[in-house]
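Per-chain residue numbering starts at 1, and chain names A, B, C and D are given in the order in which the chains are listed.
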Amino acid sequence: MLKVAIAGGSGYTGGELLRLLLQHPHVKVTLVTAERSAGKAVTELFPGLRKIADHLTFEPMDFKKAVNRADLFFLCLPHKTSQEIVFNLHKAGKKVIDLSADYRLKEPSVYEEWYNTPHFYPALLKKSVYGLPELYRKEIKKAKIVANPGCYPVSAILGLAPLLSQKAEVIDTDSIIIDSKSGVSGAGRNPSQPFMFCEANESVRAYAITTHRHTPEIEQELSSAAKKKIQITFTPHLMPMDRGILSTIYVKLKKDSRFKIQDSRLHKIYQKFYAKEPFVRVLKEGEYPNTKAVKGTNFCDIAVFPNTRKNSLIIVTAIDNLLKGAAGAAVHNMNIMYGFDETEGLKPFAPFP
Amino acid sequence: MLKVAIAGGSGYTGGELLRLLLQHPHVKVTLVTAERSAGKAVTELFPGLRKIADHLTFEPMDFKKAVNRADLFFLCLPHKTSQEIVFNLHKAGKKVIDLSADYRLKEPSVYEEWYNTPHFYPALLKKSVYGLPELYRKEIKKAKIVANPGCYPVSAILGLAPLLSQKAEVIDTDSIIIDSKSGVSGAGRNPSQPFMFCEANESVRAYAITTHRHTPEIEQELSSAAKKKIQITFTPHLMPMDRGILSTIYVKLKKDSRFKIQDSRLHKIYQKFYAKEPFVRVLKEGEYPNTKAVKGTNFCDIAVFPNTRKNSLIIVTAIDNLLKGAAGAAVHNMNIMYGFDETEGLKPFAPFP
Amino acid sequence: MLKVAIAGGSGYTGGELLRLLLQHPHVKVTLVTAERSAGKAVTELFPGLRKIADHLTFEPMDFKKAVNRADLFFLCLPHKTSQEIVFNLHKAGKKVIDLSADYRLKEPSVYEEWYNTPHFYPALLKKSVYGLPELYRKEIKKAKIVANPGCYPVSAILGLAPLLSQKAEVIDTDSIIIDSKSGVSGAGRNPSQPFMFCEANESVRAYAITTHRHTPEIEQELSSAAKKKIQITFTPHLMPMDRGILSTIYVKLKKDSRFKIQDSRLHKIYQKFYAKEPFVRVLKEGEYPNTKAVKGTNFCDIAVFPNTRKNSLIIVTAIDNLLKGAAGAAVHNMNIMYGFDETEGLKPFAPFP
Amino acid sequence: MLKVAIAGGSGYTGGELLRLLLQHPHVKVTLVTAERSAGKAVTELFPGLRKIADHLTFEPMDFKKAVNRADLFFLCLPHKTSQEIVFNLHKAGKKVIDLSADYRLKEPSVYEEWYNTPHFYPALLKKSVYGLPELYRKEIKKAKIVANPGCYPVSAILGLAPLLSQKAEVIDTDSIIIDSKSGVSGAGRNPSQPFMFCEANESVRAYAITTHRHTPEIEQELSSAAKKKIQITFTPHLMPMDRGILSTIYVKLKKDSRFKIQDSRLHKIYQKFYAKEPFVRVLKEGEYPNTKAVKGTNFCDIAVFPNTRKNSLIIVTAIDNLLKGAAGAAVHNMNIMYGFDETEGLKPFAPFP
């Protein structure tokens, strides 16, 4: 049994990690930390986990005591806080899956620009692996530090990677627009007026236009896939629902592309790219992704629509932001790192409705 | 033009008062206070009021400066805070509509028992009028202090007053059970985890079983209507919606009642009692109240169902907790106090859906 | 591998059965019928089941062909339709779990009174077992026909059975009032205006007051537990959420009861009664059930509150109407009938939020 | 008093028209038709209108009897059905505000292409006026046939008209992408599975990608404003809420534009363009439109965001699809046609939350 710890386990991502890991056959949760909730029973904050988490109590994070309690640490800590803890855990020989943004951006200067703080461990940045299995499975297998991707980036990158990874350029990489719609759980569990029920319910709005911190993360991975620098337009929106991200992605076909817009090979590029992936479902032509069909699962559903009137493509992806966009991806990464079956602990399909 | 002030105007009730009063033809809002939001534009907290509240800024409550700014004060302050301000305003010759609970309970000892604080102005308690127009219209007309009713009590009292006011007892007053379902806005606008979108959405739960502070208020008014001491069972529930209270009320018919349970006169008691009321709609037999049909209005919809198998009645009422249960009732009270048309400022019917 | 068929698999209960059974290690789904959707891929109606149900197509119900395709039949057919199919399957030696109401009421006359149609197989009624494992585990083990309980009855019966099963009477059995709040999925998947999004959203209402067909079912089982005839008051309500039933149950303590209302033994009665039950969670004193904590699970959460002012008890239960109230209970029954681990296929805990 | 009739009054748009017109001081509703609901009381379908619509009953549409009952007809009939009725009403000398799409598209061939039916009254098409007051106030004043705009087009056209109406081209008209998010009421009131509560709740999805019928309508009006042919990309999405459309519009600045992207004059173009409009609110720089702030009102809120990294603009608009996008616009058009105050009947601000 692998001993795992969750640091920062009182939020929605921590709760989902707890739920998944407590039901995982090869894992034992030995420590859950939460500063403000230290001393409280886990079931007090997550009453849905009664009968499975009755033995667990939130503890404060005391590094010296914590470090020997587990072999793998999941960090659900705020950005900036993670930096040093990852460093210390790594130094102590522990493996880490960091769900913050601290080890996602490879360029310290880009991190500093978007997060307004320097990165103090640039050397470690190089060792960390971006934890998107569909792109970095091999590297994850050997990784000691996995930087778990952001929720919006997962939905954007999986929607574009197949096209950008083609040898001959397919799309106009300057034309990418990602219009994303997220459920409210993406905003976290801390009390905050904009995410109160009566503020978010019956309400749709954009936010952080041109300034959202997931922008450089998306650009880094798209650039890497395309082997050229890509700048995108990314607009997040808040939807009145608990979970889910739907990303509607607009791209122009490259003018001299070998494809015509209605070429069915465009669809096949996706089918081929994800043929062996356990958690990506490329829909049939004409089918629409729906956040409800992936809710509670680790799936990413993808569909590609040709826009013949404008010689462009509209790609739509749907994920559960807390699973494929956070805790599910983290467990998937763990499974890969430790050689477990990739779907272990992630098999349940979504209740409907 | 009547000059009115709103103290504590940054919450949902304050916002509704602002909306109603800014559109009221006989009223001018001269002051809106809010401690933490002092200095902010009203439209920053209520963007829906752009174009009508652009001239208003939240001010801190400075009694000396405030007192001469208006003739009528609406107080949306926390319980306990209101006590003294009402006293001082009254002393200064101002009229007050107090939306807190501080002047609702006539017995200081009952107030102290349920609110854990003494009442320092028992003399003033006697002068204040319980602001439920359907029961106290005459008194409100002459009142200088109106204690605006709580939201649950409105839904409960209006559902039972017709039966309890009959000369010969109709129902077993010991049998009253009020099972109420409220939208989330009843919990106010202050950030608090249980009322975050992701906590309250897709969730139904009871709370404050046997301990809710509206219990003594309901009992006071039912007892007054029945001219005997009544104790009730009252259970509030939280529903995943913005607004509305549905109260399902269970009462046994008195054993020696002059009515049989299917007597259509029971329905007529309600029709007669509310025949001239502008804001009560007694539904036809067989029709069901629905919070959606009163949302955004000052109406209380009421239906009475005979339960022949158990010789009991099931009475269902629906109100909008922020209007008939708070701000709408307050404006109604103002209209009565100042001799305006009772429906002035309260005419709009509800958008559907 | 047990071969199972689902008849009437295109609704919400059918979908949940599919999801559970397709992930069940000891079961193979060999047939799914649906009249109007015959010929359609299962994933067309349940896109969330892509990757696990890709091989399944809805078929029309052709008894002769169907009968040999499976050993156990789950029937999600309309009331009245089930009667004859159960009879024929039973005659052919098949086992049946019937999710309709056709074999729940033991008295044909009661069935006829509430369902407006005679029961043509009264002999078979006697052989069928009411499929509530907490009360009939032994009988289910040997049953050939299991009548799966209605959703509201599960929430009501589990809340009252411990008290009613005591040797000395604890409660006044004439005083039972059950006020239930259900999510919209209880109304099924057929298009119908009252359950359209814009009608049910932001809306709370009671319905079927004194006439709901689950009334006699609840009364039958409470009477059986108490060994005396019991008539109840039952009021269902519609809540704006997908799933879940919260039942708030009011009962008076018997006047000469051996318990005083604050006796902690009342709580212990529940703990003891359900001590070994895998799917009932008796909450600690002071904790409140919440439908969100049982959503997506087969749990029933129960809490008991003493109402000292009225010498009564308020019992609150929460279930997921499609699982513990339908498909989950059906799989639980199957597990018992075939000697599988009772929690097999029902282990996953609920995603939150 | 102007006598008005509503044909097709049982849907959401009809209901909103009823609500607005019954409260309008210069109007008397003399006829409401509805085929399937003929004979039913208006309040049966719209219980929120009890006390104001008690005298109205739905009637079947009998042209001969209907034509003399009113001077102005609001048609909320299905596309294609409106064509002939408009013709006949016009011939009879009546004025018409048609809320269908039948008289919006000026080119019969475009109508036929997108609606799969010929237009039989092309001469009348020329006489009809596109009922968007911000662009066609003068023409509406004299119009006998007003084609009330579609909901999505209102949100798109108002967001782009200021830029496209500039003398020198500001934006690359080939680059326009409109990503719209709509509440469920846009789908109408007829029972249909995709819009059942449990299907649409907790769900976000795109639909009708590249094929939505509002596309040619948007293109017609943008082309007209820009005085050149414009083709756009338009993607509608369904959001889990009752009302509201948020449109996020992406446009590139023209390469040789006289503006740099951060030029504050871009914002001023909007302020100036809508300076005298009673129902358009151009937000301050940095403020975000939110559907909740316009819910229940006839406002369109607009904000413009410069995207310096991509030399493009992101324009966000918010409307209530049933008011500014349907019934509110229709009443606004009536007010203009008959010389009433433009805001008459449309003054109420939105309840919040």
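Keep in mind that, in the parts below, a contact is a pair of C-beta atoms (placed from the backbone, for glycine too) under 8 Å apart; a residue touches a chain by one contact, two chains touch by 3 or more.
Given the structure is predicted, the values throughout are model-derived calculations rather than measurements.
Undergrad: Check C-D against B-C and say which one is joined by more contacting C-beta pairs.
TA: B-C
Undergrad: Which chain's C-alpha centroid is most distant from that of chain B?
TA: In terms of C-alpha centroids, the chain at the greatest distance from chain B is A.
Undergrad: Averaged over CA atoms, how far is the centre of chain C from the centre of chain D? Could you give it in whole Å?
TA: Once rounded, the distance between the two centres reads 46 Å.
Undergrad: Go ahead and note the Å separation of the Cα centroids belonging to chain A and chain C.
TA: 37
Undergrad: Can you compute the centre-to-centre distance for chain B and chain C, using the mean CA position of each chain? Integer Å is fine.
TA: Result: the chain centres lie 38 Å from each other.
Undergrad: Could you list which residues of chain C touch at least two other chains?
TA: Residues 12, 183, 185, 198-199, 201-202, 240-243, 290, 292, 295, 353.
Undergrad: Which positions of chain A touch chain B when the two form their complex?
TA: Touching chain B: residues 12, 183-185, 189-193, 195-202, 240-242 of chain A.
Undergrad: Considering only the defined contacts, which chain B positions touch chain C in the complex?
TA: 177, 179, 181, 183, 198-199, 201-207, 209-210, 231, 233, 235, 237, 239-244, 246, 248, 250, 288-292, 295, 305-310, 312, 314, 316, 318, 353
Undergrad: Provide the residue numbers of chain C that touch chain A in the complex, in ascending order.
TA: 12, 15-16, 19, 22-23, 46-52, 185, 202, 242-243, 281, 283, 287, 290, 292-297, 299, 301, 322-323, 347-353
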